[in-house]
Every structure is written in C-alpha cells, then in structure tokens.
Amino acid sequence: MFGFSAKQLIGVAIFLFAIFVGVPLIIGVTGRWDFYFTLTSVALLAIASAGVWLTFYIGRINIGQGAFALIGAYVSAILVVKAGWSFWLSLPAAGVFAALVAVLIGLPILRLRGVYFAMITLVLTQVVTLTALALPITNGAKGISSIPLPSGVSLFGIPLIPDFGAMENTKLAFYYTACILMIVTYAALYRLVNSRLGHLCRSMQQNEELASSIGVNIAHIRIVIFAISSFFGGIGGAMFGSIAQSVYPSSFQVADSVNFMLNCFLGGLGYVFGPMLGTLVLYFGWDLLFELGKYQMLVYSIILIAVIRFLPNGLLSLRFGKGGDK
Amino acid sequence: MSALLQVRNVTKKYGGLTANNDISFDVAENEILSVIGPNGAGKSTLFKMISSFTPTTSGEILYRGERISNLKPHIVARKGIVRTFQETTIFKSMTVRESVVVAQHLRAKASLAGYFWGSKTAKEDVAAFGRYADELLEFLGMSGISNELASNLPQGNLRALGIAIGLATDPKVLLLDEPFAGMNHDETMRMVDLVRSVRDERGVTVMLVEHDMPAVMNISDRIVVLNFGEKIAQGTPSEIQNNEKVIEAYLGSADDEIGM
Amino acid sequence: MEQILANGVYLGSQYAMIALGLTLIFALMNVLNFAHGQMYVIGGFVTYTFYGQWGVPFVLALVMSCVTLAILGALIEKFLFAPVIKGSAREESTMLLAAGIAFFLDALILLVFGEKQRGVPKIVDGVFNYDFRLIMPYDRILICALAILSIVAFIGLMQYTKTGRALRALAQDRTAAQLMGVNVDRYSMIGFALGAMLAGLVGGLLVTITGVNLGMGGPTSIKAFMMVMIGGAGVISGAIWGGIILGFMEAIGLAVLSQYGDITYLLIFISLMIFLAIRPQGLMGKPWG
Amino acid sequence: MQRRTLMKAVVTAVALTALQATTAVAENPVLKIGFVGVTSGPAAAWGISNQRSMETRAAWINETGGYTIGGTTYDIEIVSFDDQKDPKRAIAGMEKMAQEGIHYVVGPNVDDGAAAVRPVAESNGIMYFPYAFPKSLYQAPASNAVLGMVANYQSGPAIYKYLMENEGVKTVAFIAANESDPLSQRDGGVAAAKALGLEVVSANVTYQVDTTDFTPVLTPIMRTQPDLLVLSGVSPANAPQLIRSARELGFQGMISTETAQDAGVLAEGAGDLANGFISVGGASTPELASPMMNEFVERYTKMFGEYNDESNTKVYALEYILETLKANPAALTDVAAFQKTMDTFEAPNPYMNGDAKLRYVGMSSFGQKRQVAVPLVVNVYRDGAFETLFVAEVD
C-alpha cells in the first residue's frame, strides 16, 4: 500500500492509535487536561515546521516561516470576521494566499543561497509584522480579536464537522483537528519527498549546477517548494488564530521564525519526521520544565545545548545512526 | 557530414576582458571533437556558453539550426545537449545508482502529481529508470559500485559517475569537461575507450575540453585550438600536430606542452 | 543636515564594531553566531558592575569586559562549536547550538544581573551644541572616537601581526591555511575569542550611553546580521561599511521619513530586502558566501 | 566564573525545592492564585515586578498565619507561568492554571496575550486581571477579565488636564514604540488630547522596540517644539534613554507617560535629566504610603534584594482577589459569584493613607464593573525618588 513496508505500516498504525486514542486516554486517566492545548500547539507548529524543513530540502535555510504563519492567521481572521466566510473555507484560502505571497517574494529572493537567503527571510518576518501594524485591513496595532469559533459544516443535511461554538469544551475538537491536519501534512510531505519531485529537490540541495545540467528547472522547483512550504505555514497560522480567537501583529514574529528553524535542526534535517519530533521536544519540553520556576530557561537551554553537542545531526540520528557523510 | 552543432561568431566579454573572440566552428553528428588550448585560452567559457550556463555577449550557437545560446541550462539539456563537470560537482550524499536514476527524470512519462499519488505510469517510470540505471552502469563497468555513496568514491570513479549522470539523460551531444584530468596512463586509456564506446554504441556526439594531449590526439576526430580567446586552428589530429601556430602557442606558454 | 550626518557617523561607528565581531566569527568558522547580542549584553553588564557598582575606573572596567568575553568565547568555541562542527553532517547545525547558547546566556543574565534596565554615571558631562544645528553630548563624541580607534586597532591587528595574518589565511581558505602550517584549531579558538571580545568591548563602551538590559541581546544580534549582509558576509571591510550604511540609513530614514510615522521602519526593511535581492553578496562580499 | 554561577543556581534550585516541600506540609489548606506573564526575555521586567509583588505578599500572609476566608484559613501559593510574551504560550499558561484548579489569575502583561487567553479563561471559569488596555477585553460580552490598573485613556486625560491648568501646556507631541500596546496607547492619548483642546503637533513618530539610541528618533519631534512630550506605553528600559536624548537635544518642555516607572532605573539611566518626568504610580510615595505599603516594600526588598517601583501598581490585583473572596467565600470556586460580588464589593485600601476604598469600577469606560479602583497616583520624578503630583479617582 502506497509503497510502505509492513513494518512501516505497523509503525504508522501505532502512531495514529497513540495520538487519537492513546493521548486522550492518558489525559483522561491523569486528568492533565492542559496537555491538550500544548499538544495541539505542537501539532500546528509542526505543520509550519514541516514547511521550513521542506525549504531545507532544496538547500535553503528559511527563517521566514513566521511571516507566512502570520499572513495565514490574518487572511483567515479577515475572511471570517469581515467577509463572513466559514472558517473551514478560510483555512485553505489562508494557505493559498500565503503560497501566492511566497511565489511573489520567492521570484527575486530564491536566487540567494546560504546565510544570504536565511537573512533575507528573517528580514521578511519583520516586514510582515510591520506591515500588519501599518495596514488598515489588519486593524493595525489593535489586531483582530473576538474571532468566532469555527462553525459547523454539513453536506446534504449530514453534519460533517460539528459547530465548535456549540461545544461545551473545544479542546478535544481542536486537538483532533490539529492532529488530522498534521497527519495530512506529513503524509503529503512524505509522499512528496519520496516522489520524483522529492528526488529532484534532493539533487538541487546537493548541487544546483549539476541539477540544471541534467535538465532540472531549478527556478521552477524552488518556487513550487517555497509555495508549498508557505502553504503549510499559512495553514498552521490560521488554525492558531482560530484557537486564540485573536490575531495580533505579534502573534508570529522573529522568535517564532527562528523556533520553526530550530525545530527542524533539533529533529534532524535528514528525516521527514524530524521537524515533528523537534517541535514536540522544544515546545513540550518548555512546558514540562514549568515546575522549575525561574530556572526554567536555564535548564531548558542547557538541555538544548547538550542535545546539539552530542547529537549534532538531530535527535533522529540516534535511531538511524549517522545520517551524514562528514 | 551535416553540422549538428554550429558555433557562429561567438564572443564573450567579462567587463573589459575578452574571454572568447569571434569563434566559429561546426560539430558534426556522431563525431568526437576536442577543444584544446593553453590555460586561459577560453575553453571553459566556450563550454559554458554552449550549455547556456552563461550567456554569449554576441554571436549565436545553433543546434540542428535552432538557436540554443542564451537560454537556461535546463532547456538546453532538454534539447539533448548535456555537459559534465569536473569531479567535485556530484550529488555527494546520493549513491551512484540514485544519481543515475535521478538524472533520468527528463524521460519521465508521468506528471509530478502522478508521482505524488503513485499512478500506474509513475510506477512504470520508476521501474524503467531502475532498469536503465543498471544497464547503464553495467555498460560503464560501474555495477560493482552502484550502491556506494558518491562522496566515498575515488577520483577516477567520480569522473565516470559524471559521465554516467550525463548519459542517463539520454543526450544527443555530450560535453565533457576535462575527462582525463588527474588520471594516470592506464586510467586515461580506459576512459578513452569508454568515451569512444559512448559514441560508437549509443550514437552520442561528443565534444570535450582537455589538457592531456596524447589522449586528445588518440580520441579526437577533429580538434579546435583556442589561444587567448581566439580560434587559431582546427583540423584532424595530424593536421593540428603540424600546425605552426599551434606549436608556437604551446611553446609560448610555459605551463603546458604538446608532448607526444 | 549636520545633525543627520553626525547621528549617522555616531550610529555607524558603534554598529560597525558590533558587526566586526560577528563577521570575524562567520568568516573563520561559517558560524552565524546568534549569541553575539547576548555577549554584547554581558560586556555591558560587566562594565556596569565594575564601573557603575564598584567604582573601578572606566578603562579598567572595559578591560574586564574584554577579558571576560574573550575567555567565555574561547571556552564556547573549544567545548561547544569545535566538536559540533566536527560531528555534524551539515554545518548549518551550528545555528541550533548558537541559538541554544543565546537562550542560555539570556537565562544567565537574568539570574545574575536581574531584569532591570541598568545605567552607569556619565563619563563626561556636557553637550556640544553648535547653534542648535549640531547637538552632540560630549560622552557620545568620546565613545564614537573610542569606537573608531578600536576599529583602526583591530584592522591593524589583522593586517600587521602574525595572529592577524593567520586569521586572515584561515578565513580565506581553511584547507589552504592548514597546508600552510596554520594551527587551525588554535586560531579558530583565538578568532572566536577575539570576536566575542569585540562584542564585550562595544557592550562596555555603550553602557555609558544606552545603558544595558537583558532584552538587548536578540535584537542586537539581528541588527548585526543585517549589517553583515549589507556589507557582505565574512568580509571585514564589509562589516564596517555595513555598520556605517545601516547607521546612516537609520539616521537619514528617521529624519526624512518621520512624517510617514509607523511605516518608517517598514520602508527601511523593505529597501534592505530589495538591496539584498539585487545584490545578494552585499557590497564587498563574494557571491554565494 | 560561569561554572560557579551555575553551581550556585543548581544549589539554590535544590534548596528551593526542598523548602517548597516543607511548606507543603504546613497544616493550612492552600489557596492557589495564578500568574501568567512574561518573566524572561526583553520584557521580563514587567512580569517579574508583578510576580515578585505577589510572592512577597503571599509569603507575608503565610508568615503571619494565613488568610481567612469563610472561616477557613488558607496559605496562599502563587503559581507562575512564563509566557515569554508570546500569545501562544499565554494560552498554554492559562490552560495550566485551569489544570491546577485555579480560578483567579493575574496577567497577562500585554494586549495580544490578554486577548488570546480569553477563550480559555471563559470556558474554564477563570477570572483574570490583565495589564492590557483594549476595551474589548472588559466590555460585554467579555466577562472574565478585570483591568488590573488604570488605563492610559483614563490617566492620560487627567494628566493632560492637570498640565493644561497648572503648567499652561498647549501643544503636545506623542512618541511610541512600533508595536501593538504602545501604538494603541498612543492613539488613545491623541484622541484624549484632542478632546481636551490640546494641539497635537506630532503623533506619528515611532521607534523600533530594540532601539538603543533615541537621538535620531527624537530629532524630528524636537523641531515641533511641543510643550509636552508624551512617551506612550514606554517600557521602563526605554524611558531613561528617551528622556536623556530629548534633554540633550535641548528639549525644555514637560515629559510624561501613562505607564509605571522605576525611580532607580531613571536615576541610573538619566540622572538629573529625569527631574520633572511625570509618570503613573501606585502608592509608595511617602505622602501616600500607609505603614502596610512601607512594610510591603521592605519585605519585597528583603526577599529579592531590590525594590521595583513598578510593583506599586501591581500590588493591588492579589489584594482585590483575596478581599473579594473574603467578602463572598462562595466565589472560591464559583466565578459567577465573584462577578456578582464585584458589583457591590467595597473594602478599605490598606496600602494608602486616608480613606481610599478597594472597589470595582469601569462603568463609564466599559459599561460594566471590570476594573480595580486603583488610586490614580500621578508622580513626578525628582532627584532619585517620586513625589506625588496629584491623586485622582477612576469611575
């Protein structure tokens, strides 16, 4: 099935079972209801991080995903609040709009490589934050607040998605939504990486000149990949806006862009599921250290340094052995 | 002999520096043509212009009568003119077989979406690529190293890998960038045989830039000689060996000799 | 007009110093040091403690800042960056390490020096005022002069000493430097220490004017990145030019665009993006870093 | 040096945990009050002054035997969450508070965080006391947020009016950092100034939050020569630099802000140049501070080494929560009861001399009582300390 081995299928099944049944069960038993939001955040941030990972896959360090997450959050919020769209329509629209912006910006900047591309995307995050502060449609500094919860969707009278507004507790609903989105994202990412497009990306990552000599249209693929990456960013951001029911220019900023990148490094750049694990460890780790009070940041950073010191190729290199060639 | 590739009055200037000045020559179908010249003669620049890695300043390059200069490299590659690089330009963390498979992507029948969803055509493509890669590696005598990481290969094999990647695209014209550089006599002889069989058995026209004179004289049907960006001679190996201008050019520059 | 130029020179000289240390580290090891701003802040706090709290003479406090940061930089290079660079498949992985160090130093600063904005007594009183067309407090003029002096001294060090020559060789080509007999490991450490020391020095200098607080670290790093990009990554003269240009861009931008209010910085950043897109190697850099 | 600090940190951490373990054995039941705010990174000063004033008060209460509500004496425990000034983290923090069974939370410190936690707070029955000014947080249908201080659109007009009447101020210029909170406060300030008939000569100069040198930023404003320069929503870190640059550029007029500042920071950063600087404070100026306030400052200083004047405005939220709970013990677990009590609640203000009262206000600003009645104390800085300029009330 889809070219998976039996072992992989079992792994996927265990993973799905764990997040859809296992986590709710554990939370139910331990009563740690606050973990729902944390894990929802992890899922959504992992979606955005997947995009960053994908740009790494064509050899670009992307510190601009915060910009696209913010764009997505605003597009969804504006469509829902000002145009009265259903959230479920605004979600893909947010992704598509972020992708369009990525195409426009990508045309000039994707020629850049290395630290130059990294820096220009970092500046991009600042630009988008400042634009959100300056534009009238984003409500400037006041942001957009009191965004209604996602409404229900029904097809021919059969309810497909329940109305979040009518729910007693939206935690579980948001958790499932985020997890489904995350799984779709990573399934798509996995397929993409293992399909022809993925192979072409890999060839570009390793040598753009050689890739173009064998007929790869590198400019085209760069744009496509950057657009897909930003689509993920837009989706993640839009979903977050819906949970917080508010969007501010500071909802996603440079620190977020940097964190998305760190998630990829921590998980391991060589592995599709690296960013997912990286996000879980970085974000959930912070929450788990909450008990440490004012030493939280100190311990967190020491652990982070220790991990990178001893596993410089990311956490997943532990399982797969040395992935690199150096 | 009909001209497959025509270089017409090509000039390249970098700022005030003229790298190539008004170069013209033809490449016939199914021949092996070498471009030689002392260091700084403008061989590499000419190569880059033919493969559209750099634009010409003036003049044009035609392939079957169609202009191919000043396009994008991937478009020229799609038309069947494919260049190789020197040994450092490889897909470092792919295996030999992976490199050859990926290089076949121009032959794909299924769309990118088809690959994503795993369509039937895509699966057939994948199988076909694998078969062709094995066949090609067998032909090049590289079957034994097909699962080696490219970065782990010794220099001689890297050059062969470069040719394998170029051949995998199913080219009509293969442009080889110094295929014999840094090889000892035996290795060079093997490579000469290989290049010749590429032309003989696969019908690929070969154009190469090279320093190694004995190898060039051995392999070439015809030779074009550049010096200081100008074409100073063209002809069969024996004609070139006896050309006054060529001898003078090589004696004038200390760093290379026309040793035979 | 005179005021804008003076502001530009003053901002430019301090920016250039911040960028110098960053670009040195980048040139030597290809490490984008996210913790550079935190090192700058530590330099400021050390001078604050010695000069502001304990009344040690200012120059001595500055020296303490330099020494502290040089030691810190050397330790970080030897025990963290060097092994990670050796062990990682992609050298960008050092970015995660640099960010981790930035977090760590931030946490350390908060615990040791507290959360408040700190300042020290002025080193020179009085304001130079030329007919209200050019106003510049004397301490700024002094700091500006000291910054320019330090930059000149640094260039001298890089040009005319054995260490400087070795560092330049290392920056140009690691392998070649090794073949030439440069002890690469040792000079990487020296270079990193020197870069960190520059951050500490400028932190110590500026604490007399801007004060210091733990929040300055991250933004300072980002500003330094921008200067390095404008000038060209890993090129010493580029960092100096980048600093001066950003200084002037801010001084002129703020004066000319102030009527547009909220979008002043938006315009500055957008023009920066356009500049980098057109000229990705910056002013002086080699293309593609 | 680094290693020793680390060792110290670790030792202290262990000691603290041990200490916590011992206090947990005390007989009194524990009443947990939450704090969600920023205690690390650039804005750490805001949250830390907040958290520390709560911890100081809690330790004081516990030391003197606890706090009695409805016949039961509780020990107060402050549960703090560092949201890193990130609205996403703030939500997580509020979830954590719900998890701990906490119904009363102080914070967050900024607009975006306060807006983001609203859904969580309302669905989990948490009353929270943000230090953020957007009116939508406190107007119906929003129900669970209580403004923990005086908003700038309340203090601003009072200050401007005072300065118009007493100092003859006619023109005003505004400057703000280029981020949400300060910009919103600036817009509010501009509207208030115009309503009072002041001429606003400059209102669109902004600076990046990370600016360290304000001379170029201030130069264009100085040309407009306003009588009053308002630093909208200025952070305590930036205030001294702004004042110093303005004075060095030859500015002679008044400078004011509507946020709380720290006298020590002003003294270090601007020295004598800060004399005459007007800001909003709590009640720690000698004229107003009650013996209890003085003891609070003393205990705070003993506990954390150094007092922060910002805490003057932040001492109140916890007191309000506890006093209201005392007035209606049913509110311990029932937020609706708390809200009902808010309408009628009144108690003496222990931190201020005179007969000031703790009560909830906000009818004129929000249409419902969703603000603590903190005395609007306007301070002026002089030679290292604040003096009271005037005191007003918010309704």
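Residue numbering begins at 1 within each chain, and the chains themselves are lettered A, B, C and D in the order written.
Convention: a contact is a pair of C-beta atoms (placed from the backbone, for glycine too) under 8 Å apart; a residue touches a chain by one contact, two chains touch by 3 or more.
Labels paired with UniProt names: A = Amino acid/amide ABC transporter membrane protein 2, HAAT family; B = Amino acid/amide ABC transporter ATP-binding protein 1, HAAT family; C = Amino acid/amide ABC transporter membrane protein 1, HAAT family.
Remember, it's a predicted structure, so these values are computed and weren't measured experimentally.
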Furthest chain, CA centroid comparison against chain D: B
Distance from chain C to chain B - Cα centre to Cα centre, in angstrom: 47
For chain B paired with chain D, centre-to-centre distance based on mean C-alpha positions, whole Å: 72
Inter-centroid spacing, chain D versus chain A (mean Cα positions, whole Å): 35
For chain A paired with chain B, centre-to-centre distance based on mean C-alpha positions, whole Å: 43
Multi-chain contact sites of chain A, meaning residues that touch two or more partners: 130, 133, 140, 255, 294-295, 297-298, 324-325
Numbers and ranges of chain C residues touching at least 2 other chains: 106-108, 110-111, 218, 222, 262, 265
Contacts with 2+ other chains: residues of chain B: none
Graph class of chain-chain contacts, one of line, ring, star, complete, other: other
Which chain pairs touch, all of them: A-B, A-C, A-D, C-D
Contact footprint of chain A on chain B as seen in their complex: 51, 53, 72-74, 77-78, 82-85, 89-94, 98, 101-103, 105-106, 108, 110, 112, 115-118, 122, 125, 149, 151-152, 165-166, 168-169
Complex interface listing, chain A residues touching chain B: 2-3, 188, 191-192, 195-197, 199-200, 202-203, 206-207, 209-210, 212-219, 324-325
Residues of chain C defined as touching chain A within the complex: 26, 32, 34, 80, 83-84, 87-90, 92-93, 95-97, 99-101, 103-104, 106-108, 110-111, 218, 222, 225-226, 229, 233, 262-263, 265-266, 269-270, 272-273, 276-278, 280-281, 288-289
Sites on chain D touched by chain C in the complex: 1-2, 5, 9, 39-45, 48-49, 178, 183, 203-206, 208-210, 212-213, 215-217, 219-221, 236-238, 240-241, 248-250, 262, 264-265, 268-271, 306, 308
Chain A residues touching chain D - in the complex, by the definition given at the top: 31-34, 36-38, 41, 130, 133, 140-143, 145-146, 149, 169-170, 240, 243-246, 248-251, 255-256, 286-287, 290, 292-298
